[in-house]
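Just dropping this structure here.
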């Protein structure tokens, strides 16, 4: 059950690494809005426009260079995403076989292009979401959502889930290790232990929640205030937002790269 | 009246099975009191009663007057909770329960903010509490990044920010390595407030407390000088405890 | 079942976000009215984190080599109730998409709807219906398995619908549905059993934790084997029926692929290949020139756009490498 430890590592790396990134000083709301616009523009690309998706890819790559983001770590996680994309996209080359042009001897059909576009879109969306997560952090994203008037109850719940996630992952990982040591060779929890193993964890979690409530009560907890604080939206953030949105709109709607490419094709 | 008065308090989670039976004691300003007892003696329940997370059993139907607790001349009732909780700083055994805000500074400022202090006042209180516990450099860190010892010190800072006259510690050094244990103990010793410690670590109690209350089966068995009680091997053994390591031959 | 952003058009994604936001707003309204509201918030947080971790635990399925997982929405509902459970699930799904590359930000509305809305609200209806006359192990198992199967089928149906409405796939509706429903029927059955096992244990040890359950209810006579046998029969019947339906459908997925790899179809392709190949030989420029050299056709823009991107990408990659080398020299 490496997934538990992988997840634990992910959470810890995110918490440790976020302050060193260049874009971390930008207000989370600017980061969030950029991500939202990026996703809308990306998904609005028609299914046969490989050039536009690649243009977005170039933009993301440039963003990663300037923001010192690492793409390698994210690419490792993409296999999970591709399961559903594969189911949906794999049929495209078979069902849509209009030949657009050939690369050497291989005919390139519009179905192939649309499959590729789908996969690239999926990868780019996830890469950019993880950029947002690593530069803003969970608290930052929640403060952006709070400025967008999400109710404090929901913000607090999401924040607490994030706060207790590493604790729960560690606990689950320990429980699994303890189980495995006494049941060598098993790949998962045996049928007979299904209920009690996780049931015990569940009851402990509820007890923990009760203690957490007490500790909050003792410090004068009021549910209507959100845990996360909203920072000031400074000029730097405004500049970031303006530059990002302008360049995004440019690559999405103006065929910049077709212009560069037309020199090569001729 | 003393800083803390506990008067004939009984408590039961299930009717007819009292966890605390007729407990009476008081704590004067400046004292450091250790509360010891085997598992299930009623220590944690007693602490929860002090801060009003639980309330004493009413004595309706008996000849006895209801038990009560008062902190700084104010009786602990559902109505007085807000004030009482500003008088008592409760440091939980599990620091992860106490630290839930995004950063250390926000966590330390949680209580002052909730009790309606001004922004400036909150900032001052946070700085002071962090400096007292030697954790000022950690102020912008996430609570997820702290080590066990740091978590303990920061959770102490979260209650010091309200400058309560009475501090209560539930197992302050459990799961700490020797170096962190010493660190926490030194910070603890430097605090001017009245302190109560609940612990199985009798060496710690011996080091820090001048008075000890020994609980067994929900009753106070002995209340007196720490050294006298902690060196009484027979008494400790009768109540499910052992001599502190330092006093063992 | 997590949908990726790529499967959605902005319009469909936006509609799903609006629908989920409405459900979330109503849930917040309901949760705030709860007399235990203050206590519920930490419970929602901790339980959300618990479900997140517990969903990563593998449960071995007897008699097979595979393993299954817990059904999170149903479990949260059975402990916290539908409104609090729904809000917790939103948190779980948001963290999954941001930190674990599972789902997507634009797809969050669709994912919340497909998994949390059905899991919590439809799940709670089924749960309550079974618990109305008192709680027993058999009732917990039935509620969990039926709840899990029904809510997962609804979720899978929605995934299909949302993908098709977004226009990213060439798959016909029936084919796609034929692939999605049977897979999720099996998953739902297993997830329901695992969830039931956990809730049965909770019922035994700490019955007060279960939501909307009259604990005074009589303990019905219960046999694990009987309940399991009944459920398995039902499962096989439904599963068999559905897969028959799926395979007899003229546009079934396997059938289409089989058809596509057939001889006649490929020959047609080959003539195309030869034709284009000969044209490649004629071309002298960097890339073969087709009709699009002087034309405004979409294909033309596409190809030159792709080339432009690749070139720019190359330049940037070079610049990135240079920056790295420079940075290393600086630190050295």
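Worth pointing out:
As written, the chain order gives the labels A, B and C, with residue 1 at the start of each chain.
To be clear about the criterion, a residue touches a chain if its C-beta (ideal position, glycine included) is under 8 Å from a C-beta of that chain, and two chains touch if they have at least 3 such contacts.
Computed from a predicted structure; not experimentally measured.
Averaging the CA coordinates per chain and comparing them to the mean over all protein CA atoms picks out A as nearest. In this assembly, the chain whose C-alpha centre lies farthest from subunit B is C.
With each centre defined as the average position of its C-alpha atoms, the distance from subunit A to subunit C rounds to 16 Å. Taking each chain's centre as the average of its CA atoms, subunit A and subunit B sit 42 Å apart. In whole angstrom, the spacing between the mean C-alpha positions of subunit B and subunit C is 47.
In subunit A, the positions touching at least two other chains are 11, 138, 159-160, 163-164, 167, 208, 212, 216-217, 221.
By the touch criterion given at the top, residues 1-10, 13, 24-25, 28, 31-32, 37-39, 41-50, 52-54, 56-62, 67, 70, 75, 79, 87-88, 90-92, 94-95, 97-102, 104-106, 159, 163, 166-171, 175-176, 179-180, 193-194, 197-202, 205-206, 209, 253, 256-257, 260, 269, 272-273, 276-277, 279-280, 285-290, 292-293, 298-299, 301-313, 316-317, 319-320, 323 of subunit C touch subunit A in their complex.
On subunit B, the positions that touch subunit A within their shared complex are 48, 51, 53, 82, 85-86, 90, 92, 94, 96-98, 100-103, 106, 110-111, 113-115, 140, 142-145, 158-159, 162. Note for the complex: subunit A touches subunit C at residues 1, 3-4, 7, 10-11, 14, 35-36, 39-40, 42-44, 47-52, 54-55, 57-58, 61-62, 65, 74, 77-78, 80-81, 84-85, 87-89, 91-92, 94-97, 99-102, 104-107, 111, 113-114, 118-122, 125-126, 129-130, 132-133, 138, 141, 151, 153-154, 156-165, 167-169, 171-172, 176, 186-191, 194-203, 205-206, 208-210, 212-213, 216-217, 221, 223, 255-262, 264-266.
Chain contact summary for the complex, subunit A toward subunit B: residues 11-12, 15-16, 19, 137-139, 159-160, 163-164, 166-167, 208, 211-212, 214-222, 225, 227-229.
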